[in-house]
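As structure tokens, here come the structures.
In the two complexes that follow, subunit A is the common piece, with subunit B as its partner first and subunit C second.
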Partner chain A sequence: MQTSATPRSLGWLLLPALLVLALFLGSVVLLFLNAFWTKDGFSLVYFRQIVERPDYHEVFLRTASISVVVALASAVLAYPIAWLLWRLPRWRNLLLVIVLVPWLVSLVVRTYGWLVILGPKGFLNEALAWIGAIQSPLPLIFNDLGVVIGLTHVLMPFAVIATLSVLLQIDTRLEEASESLGASDLATWCRVVLPLSLPGVFTGISITFLTSMGAIVTPILLGGLRQKMAGTQIYQEVVYNFNMSKASAWALCLLLLSGLGLVVLRAVEGALVPKADR
Partner chain B sequence: MRRGSIAVTGVGKEFGATTVLNEVDLAIEGGSFVTLLGPSGCGKTTLLRLIAGFLEPSRGAIAIDGAAMQGVPPRRRPIGMVFQNLALFPHLDVFENVAYGLKVRGTPATDIAGPVSRFLGLVGLAGFERRRIGQLSGGQKQRVALARSLVLEPAILLLDEPLSALDLQLRRQLQVELKSIQRQLATTFVFVTHDQEEATLLSDIIVVMDGGRVQQVGTPGEIYRRPASPFVARFVGDINMLPGRIVSVDAASAEIEIGGRRFRLPLAAVVGKTRAGASCEIACRPESISVQPASGANTDPGTSFGARVGALHRLGPMLKVSFDTVHGPLTGLMMTNAPAAQLVENQSVQLSIAADSLTVFANP
Partner chain C sequence: MNAPLIKLGRAGSFALLLFLPAPILVIAATSFAAAGYLRFPPGELSLRWYLEAATDPRWLSAFATSLVIAAIVAVLATAIAFAGAYACHRLKPRWLPAFELVVMSPLFFPHAALGVALVNVLALTGHLGTVVGIVAAHVVVTLPFAWRPIAVAMARIDGEIVEAASLLGADERRLALGIALPLARSGLVTALLFTFIISFDEVTVTMFLTGPETTTLPVQIYAFIQENASPVLAAISTATVVVTLAVVMLLERLIGLEFFVAHDPA
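Up next, the complex of A and B:
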């Protein structure tokens, strides 16, 4: 056997990791400090604001519901794509590139792309007007629908990858076994493939839900002027109002809400997926 | 005729440019235990998957109980299958695995528990209903896979090397149980293996395959005593192969020469094109070699020849002996407690071989 260098002499390799950890923990500590210590000393004023102001409730509620819709839409749209990628091993790499290629374009550019398609004078409205399906442009953008469309487009590839990675672990002999026991393709999918791929679907939902909870760029560009999400509110406090304490209080509440969402998601997964398979 | 007969006629299979099966003809009787035996890559698993319907033949036809199977998907064939890796459903417990086939066939819930517990009992897993697959041992998984297929009472059960992952002890035990279950149910079992001992132990009929062709079909005894080709002779059981020559041939017998000695054999013991002057291989089973002490008074120089004892291997009650002879190395097999088996290394002995135990393969 080859003798490796002693652990002590390799200790310096940990330095970058420790640096990242220190920065991460430091920022969390700063977040807490900022949230509770305003320029007037210890204060819960921004938390009280969040608890008391109905317009702030609305922002959190909108953030959560948009994120739930985006996560579910991503999961539903991603599943057939992941299934296709799994079923067509010969085309898998090419199709995967097509799924991921939007990531090569900056988020802002991609989001502006939706303006061109969904805007009042965008491609879709013009086309629908031209065939006479609509009299006035549909409000597809600068509202919650626009945010959902934009975020789903950005986040769906994560759900595809999460679902595909679990599908790829399914033994194809299981499908043959199911068929030899008399099951049709549909029955095999319902009774074997879907239950075994659910963990991947739930991973995808977790990723898209959490990312969507913290979204900033897409809601700013595609959302309505007065229909903020928590991320945009925080962005505004930091960039325009320089109110770090308020931004931190919001960030903590958003973190709490995201954590709550994850707990609910785990409970649903626990009810649907048997323990031994997780 | 009993249910579960299979007729394979002129079946060939290509994967791209590779021919995996070549003009296979095979008739399997209903209710029998048939083994497809051969080295890896001989086409035995392909043939099994063709019968199951997971593959369609490139040529030829397969019929089950007289019904043509072309274009019939596996789920509509009267077959069950036990896979090499078992392919149990990991998200279902033992009961649900066995109940799976009944459920997808729309069996009313009240008619499921009965058969499931009956077949779990048959394979010796009563009381394991609520265990998860991950909690089972290799042998128990094996039994679940068996019950899962058998609960649908298929006419034919196809088994693709299901025991190959188990250790020898457990393997022997399950072989015995498998055979007894097959006898009880009278289901046709088609069993794929590369283990000739397993095939000999289990089968009514062995189909020896090599290079995508059927080499021989017969009972384990026939295949052992009268191998149809040097390949079969070498693959099934231990064998000594000695080079020789066919001296002359008449209506009933052939005269064979080996190392300067000549003897006559009935033509039935000669395989291949028999003509005078052809070289041949002489197959001799180790247990048909008998040993006498070199100094023995009754040694007949005409039928026996001298040898030196090489390595001795004890195999339980049997003793395997390597001899160095004028004809080359020979392996002998005898009961350890036989008088002739009291041998030591480098001892000189006389060997004789009963001519009627030999099979001669004429070289083309």
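Up next, the complex of A and C:
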């Protein structure tokens, strides 16, 4: 809308938002400065460490592979839930609460729940021992399996929401047309619904991948301090070693790796999803 | 036609859906168990962990800190987003798409990297470990979540109403607060409640910024899990779930939850 004279004073209303963005962008600039400016002046020592030390390669490799597995697992497990909510419009609001509340509950609480369930003396091991299925507790946490289970569960609600929002965009007449032309439900889903919903699946994968790359709490609590991920290493450098330069260098490498992951994901999406759907 | 297949699909999907609240329900059940852990068969029920939590000043102060921070953050982020989105709505600058991309950019930052970045800047201004520092960081984190519902609600306002009010002599202040504010209220309420709950439950960025004097409830829960997993944690955790559930139900009652799955018209 354009009124005759657009008062310049309106521009001032943007100032608070600009201040917040300045805080954010300023912190990113400082991240770069700190990463290259160590206590001995300009130095690439922490980047060289990351390039040279095999144990650090392993941390980044574990971070990336866990994040890929978590992103794919959440996409696959979230899809049926999104489909259910889409097919049951009358129940959608109630079911949406069941998705949204776990999503918004603090992830430290949800991770704690998995500790209670999967721990050596946890709910699951006790139950299995009680019915006599196992003799000694299964090692379900303090390894990569525990981290993957925890992160997948923590991030799944977002994948549900991303997929559902695209499913809701689909014109129901397309489905009716497919069925009236004699396609079975399964064929309709495979050839009409799934291709149209892929953009939502990819949005979900991007966000779950990014969040998993930057995760700290779930990897520490379910993986233990020895199964390091980039986030846990960064947190240790800041809180226990007070080495801001090293933490900043790691954060930049994490950003770079996450960005690369997104570029690859975009390419895969471009190959799978026809342009008109995006 | 394929009725059994559809039924099977529904049952499987429903089982997956119930997987989402499962760990939360297990914690809630644990919090009422007198023994402090889940046993087979279930033992005696009691409220002793809630009593213990409610009489421990450390938990009371962390709970109060989290509520105060979340309330301040919700009001600040919503007000900042409203002012900014209103200006953008009126001025329609050519750089708007680029600007909104910058507003949304913290969403694309892995939280560990965002945490370090904010430590850098807050250490410089001396606000590490203070309520002010945590509030500033939370406003950065929540602004995208406030901006989107408000911008969406603003886009739905009929431009002619504002035009008419302007022709009838309403000044800028009146246009913003008397016309746009009430017309965009669904977006404002969504933004307020959504940012409140994100701030209240945020842990990954916040854990970089707390100090010996100031800590939030989720960060303290994290610290206690690492020290000793006392059953008091289950009671505290259940309390945070109740707060979250209450806010979601309030949003459902006032506005509805369609916003979360509605496609962005902008």
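Following the convention adopted for this analysis, the second predicted complex is superposed on the first by the 270 of 278 C-alpha atoms of A that agree within 3 Å, B and C clash if a C-alpha of one lies under 4 Å from a C-alpha of the other, contacts with A are read in each partner's own complex, and residues count from 1 in each chain.
Going forward, a residue touches a chain if its C-beta (ideal position, glycine included) is under 8 Å from a C-beta of that chain, and two chains touch if they have at least 3 such contacts.
Just so you know, these numbers come straight off a predicted model, no measurement behind them.
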item	value
Combined model on subunit A: subunit C and subunit B, fit or clash	fit
Greater residue coverage of subunit A in the superposed arrangement, subunit B or subunit C	C
Touching partner for A:192 - first (subunit B), second (subunit C), both, neither	first
First (subunit B), second (subunit C), both or neither touched by A:50	neither
Touching partner for A:210 - first (subunit B), second (subunit C), both, neither	second
Apex subunit A: angle to the C-alpha centres of subunit B and subunit C, given in degrees as a multiple of 10	80
Touching partner for A:156 - first (subunit B), second (subunit C), both, neither	second
Which of subunit B and subunit C A:177 touches, first, second, both or neither	first
Subunit B versus subunit C as contact partner of A:66, first or second or both or neither	neither
Gap in Å between nearest CA atoms once subunit C and subunit B share a frame through chain A	7
Doubly contacted residues of subunit A, that is, touched by subunit B and again by subunit C	184
Contact footprint of subunit C on subunit A as seen in their complex	1-3, 6-7, 9-14, 16-17, 20-21, 23-28, 30-31, 34, 77, 80-81, 83-84, 87, 93, 95-102, 104-110, 112-117, 121, 123, 126-127, 130, 153, 156-157, 161, 164-166, 168-169, 184-186, 207, 210-211, 213-217, 220-221, 230-231, 234-235, 238-239, 244, 247-248, 250-252, 254-255, 258, 262
Contact footprint of subunit B on subunit A as seen in their complex	171, 173-174, 176-184, 187, 191-192, 195-196, 273-274, 276-277
Residues of subunit C defined as touching subunit A within the complex	1-2, 5-6, 9-10, 12-14, 16-24, 26-27, 30, 37-40, 79-81, 83-84, 86-92, 102-103, 105-121, 123-124, 136, 139-140, 143, 147, 159-160, 162-163, 166, 172, 176, 197-198, 200-204, 207-208, 217-219, 221-222, 225-226, 229, 233-234, 237, 240-241, 244-245, 247-249, 252, 256-257, 260-263
Subunit B - residues contacting subunit A, complex	52, 54, 73-75, 79-81, 83, 85, 87-91, 100-101, 103-105, 132-135, 148-149, 152
